[in-house]
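In order of appearance the chains are A, B, C and D, and numbering begins at 1 in each one.
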Amino acid sequence: MASKIKKIGVFTSGGDSPGMNAAIRSVVRTCAYLKVDCVGIFRGYQGMIEGDFKPMDARSVNNIINKGGTILKSARCDDFRTPEGRKIAYEQLKAEGIDAFVVIGGDGSFTGAMIFNKEYDFPVIGIPGTIDNDIFGTSFTLGFDTALNTVVDCIDKIRDTASSHNRLFFVEVMGRDVGHIALNAGVGAGAEEILIPEENRGLDRLLESLKRSKQSGKSSSIVIVAEGDKTGKNVFELKEYVEEHLPIYDVRVSVLGHMQRGGAPSCYDRVLASRMGVKAVEALLEGRTNLMVGVRDNKLILTPIEKAIKGTSKLDKELIRVSEIMTT
Amino acid sequence: MASKIKKIGVFTSGGDSPGMNAAIRSVVRTCAYLKVDCVGIFRGYQGMIEGDFKPMDARSVNNIINKGGTILKSARCDDFRTPEGRKIAYEQLKAEGIDAFVVIGGDGSFTGAMIFNKEYDFPVIGIPGTIDNDIFGTSFTLGFDTALNTVVDCIDKIRDTASSHNRLFFVEVMGRDVGHIALNAGVGAGAEEILIPEENRGLDRLLESLKRSKQSGKSSSIVIVAEGDKTGKNVFELKEYVEEHLPIYDVRVSVLGHMQRGGAPSCYDRVLASRMGVKAVEALLEGRTNLMVGVRDNKLILTPIEKAIKGTSKLDKELIRVSEIMTT
Amino acid sequence: MASKIKKIGVFTSGGDSPGMNAAIRSVVRTCAYLKVDCVGIFRGYQGMIEGDFKPMDARSVNNIINKGGTILKSARCDDFRTPEGRKIAYEQLKAEGIDAFVVIGGDGSFTGAMIFNKEYDFPVIGIPGTIDNDIFGTSFTLGFDTALNTVVDCIDKIRDTASSHNRLFFVEVMGRDVGHIALNAGVGAGAEEILIPEENRGLDRLLESLKRSKQSGKSSSIVIVAEGDKTGKNVFELKEYVEEHLPIYDVRVSVLGHMQRGGAPSCYDRVLASRMGVKAVEALLEGRTNLMVGVRDNKLILTPIEKAIKGTSKLDKELIRVSEIMTT
Amino acid sequence: MASKIKKIGVFTSGGDSPGMNAAIRSVVRTCAYLKVDCVGIFRGYQGMIEGDFKPMDARSVNNIINKGGTILKSARCDDFRTPEGRKIAYEQLKAEGIDAFVVIGGDGSFTGAMIFNKEYDFPVIGIPGTIDNDIFGTSFTLGFDTALNTVVDCIDKIRDTASSHNRLFFVEVMGRDVGHIALNAGVGAGAEEILIPEENRGLDRLLESLKRSKQSGKSSSIVIVAEGDKTGKNVFELKEYVEEHLPIYDVRVSVLGHMQRGGAPSCYDRVLASRMGVKAVEALLEGRTNLMVGVRDNKLILTPIEKAIKGTSKLDKELIRVSEIMTT
């Protein structure tokens, strides 16, 4: 098979996530293996517009598989949202001889790639990199598994002090639109209650649940709250609300914040990233485009980027039920 | 639905794995939630024969979801392999009023359960708990994900010292019959070569690969060797062989050993264990038996224990190919 | 030597810290070794007043050396601040036959012990357990070393995402009155600036420093802020201030919070706790009282509790200088 | 103060240890801060002889404080043991304009530096970097604290599986000549017995101790064995011996190996390395030479290298006693 594609660009875009470096490494090494040139594009679309490029060979990605963050940096880029910006980007790519690119990122990054593909018939493949697992077309996004381990490790620590003092903690985790982190980490950390953006079961239910938990003899309680929770109250307001309505508890708050994005990726994320990078390059060389690599039933699949963007990644109802049974 | 089952026993058997405690907790809490009695059986079939039982309620499994090992202990049991042993076990269960049991373990433990089920028409459900991921009927066994993280964490450390000294390390990981740990951890840790029980590509190939790795400018090399590797040489003999035939390397050996079985379970293993425990109890209450809970495409499924035992859990060919590309 | 003391009480009080369980274990096992009875007192002075006691033998502290928190729980207790409360506590101790106690905690807990000792001539020895390292008479308090590792581990993760996006982070760590955690973790994490309660070098200096850091080509900046920092602004206000006066930065905030108190203790804290527990029991049996065990120059020392309370634990000036040089 | 020294070389030598990168960073940044040139020398004395030099500025050590291993690599070097080798090394240093050097390593590396200093009157300062803590003139060497945490973390994992199966484990840790790692990690991990090079208490005592441990009701036992243990048996032979003479135990062996040298350094090691690097550079600029930086009573001190080499770093008798009491 002789592909027309001779030089592939790779970049990371949007919020970073653990596993992005492993994906970059995989794209670079697959290019080397298949004798195609590879160019790293720094700071996402911003660097594309500025021509911030660097040729990469197999050795340039040594010892990064276990590093959090992204060696190619990431950035949000308003210019790429304009036709003028995209035109400059296209010219920069052409000047560098780049025939196609692999974009590692989330919804916003894919939208840019799709538009660019349509405007310039430029081959693009996406790899889903975000801790939120909020992308349709894949069971797991890169970084989700690592973020879950980071969150349960933090909550295990918080549990130590919570149970020493018989305290209640509200712990805020990432997830503006979807509750994947909250639900999975909540089950994994043995949380008493999990508040997610997908459903608002009301504050009364929360109070009932906490009252029951106390009566059942538990020495501490952890309530996980996704950023995008729909109770209408943030974690600090929830604390006040419970202190007022359920004064049997000594309440504390913890906002886990950006550490959820960092850290050495888990083995799962490293392996998934390695697999996805191979698939992305091979898809491009086979002449395919405008697709996102995903994993389903432990097999790699390709989904049109348009569908990936428009679809929603739904919470598993069975897992919601499991979370309720576990708090018995 | 009024089930005939009023009291469920739960135990762990065979080699322990991270997530077993989370599965015990889930079985116990699901029983409490569904108003069924639950009894913990200590030391697997041995404790069953000895009547080493303890009633468990929801509080008796507090704060164990994040603990490695198994609070119910595990043991291998020769007596249960005899009809006499199983007869005593049956009498002990009846005396305690136990109607059904959930066994958490691997192939050997399931075989015992299947025979017991046939002999006494006793309802049994299995949950696959083993770090080896060597069970047919499930994409993941409990403990596999955690073990992978433990292994890559160890190899990351070994890599630090290997690359400081430009050394070659042979690292032995668990896996007598299957190479799942070796292959996944090998990809995750960026190993230069992976030796697995499933295929013997010969020592010449290994030497070639190491020679090429050195020439490509890599500062260190890690070769992962599964216990059951088929080169005919163990890690120490491999070291000698390479030192003799490829004296360009300073070679060291590390045998990771039993620490691979321990440690706080990963979030994935905790969640999977929680889900499987619910499924196991519900299956029993629905009158089902002689089945193993598994996960496929992120959904829980039930497989006849007989098939689970006879089938084999094959390595993913695509991942073998990825491992080769990554060592470019 | 025949000591008059036949039964020793042990409890934890105030904020919990990693290593407290290791200290409890050491007190209990030293008592067993020296054939003295030992009684665990739950929830600090509150449990003492309520007679919440439990006899402890060597086996009752199995497998706790690596657990965060405190199996004896902790609590703050207003009643013990009154003569009436202390009288009841004394009567409870006498009724249980407790001759002396070891209190594991911080300043507040020691003050209570000292007053109690004076009022009832009751033998007491203190073990400093607090992550803040804010106690005179010891180079290290139990939990400080572990908390530092927790903090640098979190900041390493934050650094991953900060440097991927060229961001500035304000990270708040514990330390209301002293900056030990901020200073040590700041040096350990390679922070660009460290704001501590002991000195307010002004916001102008901060802006200067951040401007210089940016100019020097650093890809990210971390500023560590102790809770008790004296700039007059909390981390959120600092963020706003910098965004207004130094718009070259994209600024984020992270408040590490209570996870700093939890987690498996470091080896150092486990060893120190083991040593201090032995020393505390031996001191009591030698007829000594009203002293705190400390460590200096890697040797255990005893300091009158009164001095421990009144003295202050000063920051190391040399380390402040090191922190400045490191940000070059 | 105008020092004659204008350009300082820095290198790592001998076995690597966590914290070496933090020390390199500190030397480089202190040079930058004090306006002195700094040159990295790769692969220790070998690179010195080969002229493998690289000028380093403050930015060239970004993001290495948390990395295990050494970016300057390390090597053992036979040539430097000959006058001819040292002559070439001296000429290389002169050609590069290097006036003085900081050597980060252990006994062997310091011996080389001392001889070189005498032969060429070349200013040298040593920083003790080794996980073994076997150097006179300092309470802690760089990497010791990190290695202890790595070891107890591994043993915590082994304990999980040991106690699930009521097993006895012999765990071999590093330490050919001194038992610092074995003793401290043994106390920290709650080992039942610790076999160290410094004293051979005989196999009878070991059997007695294990028998007593079993009788006392412990569910598992961990025996820590330093590499240089003097029983005359290695861990595998110890296993056989115990199986033969004390068949009540199911015995396993684990050799932790080289992972003890790697991993992100602990906060303590990072801070100590930062302090030592400053001290080393300042000492050179003050005209001092042939000294090793150490820490005692949390203050930095300087010891003549000759004394550091000849002295021995003794085990703390008090800690040996603590280890015995803890196994009650």
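The criterion applied here is as follows: contacts are C-beta pairs under 8 Å (C-beta built on N, C-alpha and C of every residue); 3 or more make two chains touch, one makes a residue touch a chain.
By chain, UniProt protein names: A, B, C, D = 6-phosphofructokinase.
Keep in mind that what you see is a predicted model, and the values were worked out from it rather than measured.
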| item | value |
| --- | --- |
| Other chains in touch with both subunit A (6-phosphofructokinase) and subunit C (6-phosphofructokinase) | none |
| Subunit B (6-phosphofructokinase)-subunit C (6-phosphofructokinase) separation of Cα centroids, rounded to whole Å | 39 |
| Centre-of-Cα separation between subunit D (6-phosphofructokinase) and subunit B (6-phosphofructokinase), whole angstrom | 36 |
| Distance between chain centroids, defined by C-alpha means - subunit A (6-phosphofructokinase), subunit B (6-phosphofructokinase) (Å) | 28 |
| Two or more partner chains touched - positions in subunit B (6-phosphofructokinase) | 156, 159, 163, 219 |
| Touch-based graph of the chains, sorted into line, ring, star, complete or other | ring |
| Listing of all chain pairs that touch each other, if any do | A-B, A-C, B-D, C-D |
| Subunit B (6-phosphofructokinase) partner contacts - residues on subunit A (6-phosphofructokinase) that touch it in the complex | 25-26, 29-30, 32-33, 58-59, 62-63, 65-66, 139, 145, 148-149, 151-153, 156, 159, 163, 184-185, 187-190, 216-219, 264, 266-268, 270-271, 274-275, 278, 296-300, 316, 318-319, 321-322, 325-326, 328 |
| Subunit C (6-phosphofructokinase) residues touching subunit A (6-phosphofructokinase) - in the complex, by the definition given at the top | 12, 15-16, 18, 20, 67-70, 73-75, 150, 154, 156-166, 169, 219, 252-255, 257-263 |
